[in-house]
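So that you can tell them apart, the chains are marked A, B and C in the order they are listed, and the count of residues begins at 1 in each.
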Amino acid sequence: MDRRLALLCGLLALSCVAFMLLGAVGSWEFLLQFRLRRLAALLLVGICLSTATVLFQTIAGNRILTPSLIGFDALYILILTAMVQVLGLAGFAAIPAPVIFAINLAAMTALGMLLFGVLMFGAKGDMIKLVLTGIVAGILIRSLTEFLQRMIDPSEFQMIQAASFARFTHVDTGLLVLTAAASLPALALTWRVRFRLDVLALGSELATGLGENPQRGRKQVLALICVLVASATALAGPSGLFGLIVTALAYLVAPGTRHAVTLPTAALVGCIVLVAGQTVMERVLDLSTPLPVVVELLGGLVFLFLVLKRHIR
Amino acid sequence: MRLWLGLVGVLLLAVISLFIGVIPLSPRDVFTDPEATRLMLTSRLPRTLAALLAGAALAITGQIMQVLARNRFVEPMTAGAGQSAALGVLLATLLIPGAPVWIKMCLAAATTLAGSVGLLVLIRPLPPTQPLLVPLVALIYGGLIGAAVNFVAYQGDMMQYLQVWLTGELSGVLKGRYELLWIAGVAAAATWFIAGRITLLNLGDDVARSLGINVRNVTAAGLLAVSVVTAMVVVTLGAIPFVGLVVPNLVSRRMGDNLPRTLPFTALIGAGLVLAADICGRTIRAPFEVPVAAVIGVVGAVLFLILLYREPRHG
Amino acid sequence: MISIRGVKHSIQGKPILQDINLDLPRGGVTALIGPNGAGKSTLLSLIARLQPLGTGTIRVDALQIGSCSDAALARVLAIMPQSAQISARLRVGEAVMMGRYPWHRGRPGKRDGEIVEETLRLFSLTSLADRFLDEISGGQRQRAMVAMAYAQETDYLLLDEPLNNLDIAASRHLMRLLRQMADTGRKSIVIVLHDINYAAAFADRVVVMREGRIVADGAPGAVITPALMADVFETDAKVHLVDDRPVVLV
């Protein structure tokens, strides 16, 4: 096994131990259960988001796009809002959570494919135009969500807001099981097709030449991304630029692009950033700011650095 | 001629705005019913004026920012200036809570200026061959400062306050609470006097200099106007995105870039856009209100995308 | 044999190819030449199903383009697209191993490794195997791309302007390699070339295209004449015979 991967595994184990033990007071049994659940959620979100970002960068053919930058996670909340809007609060509450999740997933996959198709078709290989369109599309989806949310009664609006900004402080066991049931098969499938992903990363023409249909491959990968992002968003709310930081770090650790290496590296880095970040923010620095805000800050810096490094000599 | 047509259109919108609201009001009531007169003078009129002032000022400063950045896709509100203004007010509220309002305003204007200068420093070295790189960097730069604002707000336990206050909306506008926008209006109007010189900046620094323009001073004056307008609008109403981007682009497409001639149109259309969005936000789900920023966010983003794909590939 | 029957193609209503009928039997080097915009690259990419085929049929041996599976065709025919750019960061060795994908489908075996080694040696790339593609020179990268297509071990090898960005030494080296593959490796090579003299010097057969039609077809000596230069390329260049091969004086 690669030495770097082993090192990352060690770091992750250390972070997990720190997360479980630091600042532990009171009933050990209760604490253990409580923290274990949170740890599981953190790990699941970390793996889902980093995998989704790697996949997205592979099919988009560039390394500064992330699913959330073009508003995939906002799409999840938009659909949630639209469902409350159409069904009303009572109707919405009557539907069991797995059904809501499934409907949302289906709608998100359809809309996501549409969005991605428009993006790829519209930008015609102009990378910067692609990214700019993606960001503005993200703003559009967020504005649309805000618009829809304001069309709802203030009380219902509060409920959606609570649902959309769920943090890692309280993890619902049912939701954890549900998202795990959705995302673990998707992750397994991703790992199975890791070599196909390498071929798809070569670009349409070369992939076709090697016998992989890029259009079909992109659609399948996009469906995987939607499942992963939806699961992570359901658990942790919108993720912002988290995926960007993780992949940037992962490529720093392992510079190649073979998915057999990149996927586990990114997943490990993602988990370390989340678990260690949460531990440090919460227990060491005692900050009241939630992790996503800091991630947004750092992510912006990483993005600017990546863009400026490439374009200013 | 076209200017008159626009003026009539905006006046019409203003009249509609005056008579739309939770409490029905007829023109006759205003003169006969003292309660109606009071409502008109303390709420409806200020609200309408605020929308007009903010819209006009944002559109004008958006145009100026685009000349200074040498790029059509940049706009102060989303490119760091708006977020810097929020940062300024937030810091002032946290650090010197007892200070009078005008000190907070000055601080907000100062941080906005710093944020705008920062943006120019960041984008000037970008290669001119990649015009879309500038708005990309600008948007991320704005997001970065926005994240810093969130961070400060969380640490200062002001998040709730911030969310209510940063979304641009006009429902809180009353007599006595919007007058700062007149400063924005005056600052925007004042740019008309340097409009000719700013137009020449479009030709590039060297050409402008050889024509006898003091590039540094004109740039500084332009940035000052941008900062004052952005700060005042953010402080009184909250962030209203895309006005400064979409309006100048539409005007420039139709009428070119001779600012002394086009700025009045830019101002009119900006004022009309914000007022129309506010009327729409007030009526679409009455008695609840959709904030003007949400309406313009949707419309503006769509218009931005259209501009992005219709514009041939130059800045 | 590649057989092309009644192929028409247009992009946004603009006809690019009209009524193409062409048979390319096994073996040898066939060069597609013609002025800019003649439709050479389009024809090549239609054969390699890089673009969807509209009217007409193309068969490669028993496989019909458009209905046969992509994976099956990838074992029979390899293409090196024009200015193939890889955005992924790959090492040269990894890229050549990618060429083996149609055979190992993601599970490279021992034999795949041997073929990659051999290919790297054949293309003098062994010393560069661990370098990233974006760290080597343009000529070396081009060679790596051809090596990748070669490693695919197909009967047919299609190359779209492989000499772009290559200097004369690299160009001649590459053309000789291709010649050798056709002679001893029994590959059929179809190549789009910009420079007529390379086609004249290395090809067994030259197919000349203009405005979406095939206007001449045959051995270089028979096809490349002053009349063709005037007619198709609209220039009055002289053509001399050197070692029984035509040379266009520029």
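In this section, a residue touches a chain if its C-beta (ideal position, glycine included) is under 8 Å from a C-beta of that chain, and two chains touch if they have at least 3 such contacts.
Values in this document were obtained by computation on a predicted structure and should not be read as measured data.
Undergrad: Which of the chain pairs holds the record for C-beta pairs in contact?
TA: Ranked by contacting C-beta pairs, first place goes to A-B.
Undergrad: Whose Cα centre is nearest the centre of all Cα atoms in view?
TA: A
Undergrad: What is the distance, in whole Å, between the centres of chain A and chain C, each centre taken as the mean of its C-alpha atoms?
TA: Those two chain centres are 42 Å apart.
Undergrad: Determine the centre-to-centre distance between chain B and chain C, using the mean Cα coordinates as centres, and give it in whole Å.
TA: Inter-chain centre distance comes to 57 Å.
Undergrad: At what distance in angstrom does the C-alpha mean of chain B lie from that of chain A?
TA: 33
Undergrad: Going through chain C residue by residue, note those that touch at least 2 other chains and give them in order.
TA: Within chain C, no residue contacts more than one other chain.
Undergrad: How about chain C: which of its residues touch chain A in the complex?
TA: Those residues of chain C that touch chain A are 45, 48-50, 69-75, 78-81, 84-91, 94, 98-99, 101-102, 105-107, 132, 148-149, 152.
Undergrad: Can you tell me which positions in chain B touch chain A when the two form their complex?
TA: For this pair, the touching residues of chain B are 73, 78, 122, 125-127, 130, 132-133, 135-137, 139-141, 143-144, 146-148, 150-151, 154-155, 157, 167, 241, 284-285, 288-291, 294-295, 297-298, 300-302, 304-305, 308-309, 313.
Undergrad: Can you tell me which positions in chain A touch chain B when the two form their complex?
TA: Residue positions touching the partner: 122, 126, 128-129, 131-133, 135-137, 139-140, 142-144, 146-147, 150-151, 153-154, 287-290, 293-294, 296-297, 299-301, 303-304, 307-308, 311-312.
Undergrad: Any idea which chain A residues touch chain C in the complex?
TA: The touching residues are 58, 61-62, 193-196, 198-199, 201-206, 208-213, 251, 255-258.
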